[in-house]
Amino acid sequence: MAEGIKDKVAIIGMGCTHFGEHWEKSSEQLMVEAFNEAISDSGVEKKDIQAAWLGSCMGVCNVGLSALPLSLALKLPFIPVTRVENFCATGSEALRGAVYAVASGAYDICLAMGVEKLKDTGYGGLPDMGSMMGTKNRFLMPNITAPGGFAMMATAYFNKWGIDPKDGKKLLAMISAKSHKNGVNNPKAHLRKEASVEQIMKAPMIAYPLGLFDCCGVSDGAACAIVCRADMAKDLGKKDPVKLKSMQISLSSGEELMYKNWDGASVLSAQKCSVKAYEEAGIKNPREELSMMEVHDCFSITELAAYEDLGISAPGKAGDDIRDGFYEMDGKIPCQPDGGLKCFGHPIGASGLRMMYEMYNQLLGRCGERQLDNPTLGLTHNMGGFPAMNLISVAIAGL
Amino acid sequence: MVGIVSYGAYIPKYRIDRKLVYKAMGWLNPATFMRGEKAVANFDEDSLTMGVAAGFDCITGLDRTKIDGLYFATTTASYTERLGSQIMAAAFDLNTDIRVADLTDSTKATTIAMLTAIDAVKSGSSKNTLICAGDCRIPRPGSAQEELYGDGAGSVLIGEDNVIAKFLGSSTLSHDFTSHWRGQNDKFDNQWEDRFIRDVGYKKFLVESISGALKNCNLEAKDIAKAAYPCLYAGDHKGIAKKLGLTPEQVQDPLIGNVGYTGAGTPLMLLVAALEDAKPGDKIVIASFGQGSDALVFEVTDAINAIKGTKKGIKKNLETKRELNSYEKMISFRNILPVDKGIRGETVPFTALTELWRSRKSILGLCGCKCNNCGTPQFPVQEICVNPDCGAQGQMEEYRFADKKGKVLMFTGDSLAFTPNPPQIYGTLDFEGGGRFWFDVTDADLEEMSVGMTMEMSFRRKFVDEKFGIHGYYWKAIPVN
Amino acid sequence: MEYIHQSLGEDNKITTISGYYTVDDEKLIKYQGKDILCVIGLGIIDSSCCGVGGCRYAMVPGYVRHWKKKTIKGQYVSEVDPVIDEKSKIAIKKILMEEEVVTQINFW
């Protein structure tokens, strides 16, 4: 009988580089930097690592395909190394590989690395969608960008719940303002500058109704995690080790895009994934039990929808919670305590691991100025694709 | 009795006031001034897509399995080798055992196509041949042609059942009269001196072919209800009528003041315009011009009454218009102005032609499938039913979405996606009868978009890989007019 | 509604991770005998996930009821009535497109 992974795996070390436009740093340098922080945090040595997972989405942009970039960068001694990719949830997918390997009992100590270097293309932004979605979609997909794909969900959400577009824009601005403010206290963030709700509301549009401040940007960065069997962590000197309570992912079946059920106003797979994650973690009331979370705020509307899709805000009521400050640093469930994608940018392979890096450090009380009061359970929500066709990773870590 | 069974037309929605063109380029050649407006194809339109639109107008409501021939007449084909008519046949979802042909290289190609189709039906080798003719000719900026030329297409179905205008006779005049020409690699139309074209060719050939056709049918000028022939020079257009003994009322308005001269499209577009106002018994003569001239005479039958008002034709297309208020946009649509697309916009992934072959029904025909187990229409063709409560395999039958309308579930106006006509609008449609998918939207302003509005599908050029010379065709959603 | 005036000029960049915007000009345009506040700015998107772009845009807070009636933290605050009527929006858009070279016009 399958048991899930709750409390079977501990994270014993994590590292994360500064995220930014690292014109002078190669992906190799980024990986080594993240690894160094993780390994010195972990209490183990490189030779103890038995298997590794490399998460990199846009391999052809810089890092390269196969898992060789990781094994060569870290000089891993002929151990199994696997490359994984699942669009923007690649980072979480790399962690999931390492975690499941340990939970299965096949290995004791594994490593997960997420890295992306997007600034070698010669232009701003990711490569055109046409080359990423398969040969059939080259003919069939509309000329869509990520902001546009998510903007459609915003229109559908405001329409469904009867929210005046101006009020809706303000909700999005409040979400964005909160994240920008949180990022100021994070030395590893790409952008550490506050933006007021006023300034955000007055910014020009990118894809109606998403404006300049509702969209994340591209960045270079790497993040790393070392995991081991939970019972080994104490022997390595970890008094209260951070353990994975759940790592679930959920992918679209095609019914959102091609069947009549979906109303466009939420992310179906996030709803289904979080139910499975809470079940695995033994969480009955996430609104009461979660201490904090990092969600995939590629666009402000993604975060808004996540509040409800994760079963924390009631359907249609996320606005009330936002206005009440529920998700602020001094609120009930602080969201994006590190500033999120808005402040870090989105080196795709690294983001999922960067989210866990924040949860990990918060749980261990290491976050300095932005430390939350005694958090016990943290959730990361990592999304790839579009609301119409996507994949969601929900991971829960705790003490 | 062989003749025209149905007709259709298409005029691109964008119209530009000729004053704007003159304002932009009149300083170069002040003699080019013309009045009125002309039709400008959107960046995602070309002679093929316009031909498809005209063809759909023609064949909607008819049994497509009965069409056994398709001719495409144009001087502005997108390929020198790859049949445009075959791409069209896929868009119309016609049988695969039909005769197709591209007739090109002259603005006379349209009437050559008509005569050939009529012969084919007369001989019994075809029962119904569809003809689509259109042009998107590219004039040099500042030229007189830039003021004169417009974009558009017409279509007729030639057959012998339910004929609305029977073919009476014709006259053919063929000369290697090189008034206009384009070499293998020429983008722009070249022409010889106007006085030569007018005096030696235009004035003479049209009189000769039209009067020849009338003679072959034992008819006189007074017997004609409408004479429809291209207008290259306004004064001489009238002069030809005089020479033929036609009164101004007998001359079909050549659509210069509101569409422009559409090259290969013109003979059929003028024919459609004439048919829209015709009554049973009317005799209509149409003529082309280009390396000579062909003229054909038709007599309208009683069957015309059943078809009137059911087509968009010329009238409804004229009414459905949008202002194009930028000369620079017009020339960038035709790639006369090579605008900056950025490195990101320039990197076009290679087109997998194997995929195009496998998925041709979905891509060109907008055919999906319908699950016979649960009745769900779905697009594109699926191996496994998309209905989460069904999931059946191997129970799909073909289902065409091209002629279905849909309601907008959601949409956006994207200012970041590269498009020659920003912002890029796209959305998800729920089709009437079932089925859902997302599409680019064209010929629409962001302000007129709303959740729940109805849209219909239009065959367009989705992308151009200039390096490898590949034009990718697919469908976009447009507002219903 | 209260409109807080922003600092003008290209040195006052309001930055986000995907780009920035600056406020170039504040104009009062006359429409049907009333003053309408229009703010002209330039947005640059040079680091977003999906390419580069930007625009010269106009934002229309609305009809001026009380011009710069107070200050909050050193910034002027005016009282405005947002333009709601669709016909007026179309007319104001036309005036702005002709007088200012903008490619995006947003109404409060």
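Lettered A, B and C in written order, each chain numbered from 1.
To be clear about the criterion, a contact is a pair of C-beta atoms (placed from the backbone, for glycine too) under 8 Å apart; a residue touches a chain by one contact, two chains touch by 3 or more.
Here the structure is a predicted model, which means the values were calculated and not measured.
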Chain whose Cα centroid lies at the greatest distance from that of subunit B: A
Result of counting contacting C-beta pairs for A-B and B-C, higher pair: A-B
Separation of subunit A from subunit C, taking each centre as the mean of its C-alpha atoms, in whole Å: 34
Gap in Å, rounded to a whole number, between the CA centres of subunit C and subunit B: 43
Averaged-CA centre spacing for the pair subunit B and subunit A, given as whole angstrom: 50
Residues within subunit B bordering two or more other chains: 342, 344, 415-418
Per-residue multi-chain contacts in subunit A, two or more chains: 123-125, 145, 147, 205-206
Where subunit C touches two or more other chains at once, by residue number: 45, 48, 50-53, 55, 104
Subunit B residues touching subunit A - in the complex, by the definition given at the top: 342-345, 347-349, 351-352, 354-356, 359, 362-363, 376, 378-380, 382, 386-388, 409-419, 423-424, 426-428, 430, 434-440, 446, 451, 462-463, 472, 474
Touching residues on subunit B, where the partner in the complex is subunit C: 342, 344, 415-418, 422
In the complex with subunit A, residue positions of subunit C that touch it: 4, 6, 14-21, 23, 39, 41, 43, 45-55, 57, 59, 104, 106, 108
Touching residues on subunit A, where the partner in the complex is subunit C: 21, 123-126, 145-147, 166, 180, 190-191, 193, 195, 198-199, 202-206, 212-213, 215-219, 298, 342-343, 345-346
Residues of subunit A touching subunit B in the complex: 121-125, 127-128, 130-131, 135-136, 138-145, 147-148, 151-153, 155-156, 159, 205-208, 253-255, 257-261, 263-264, 388
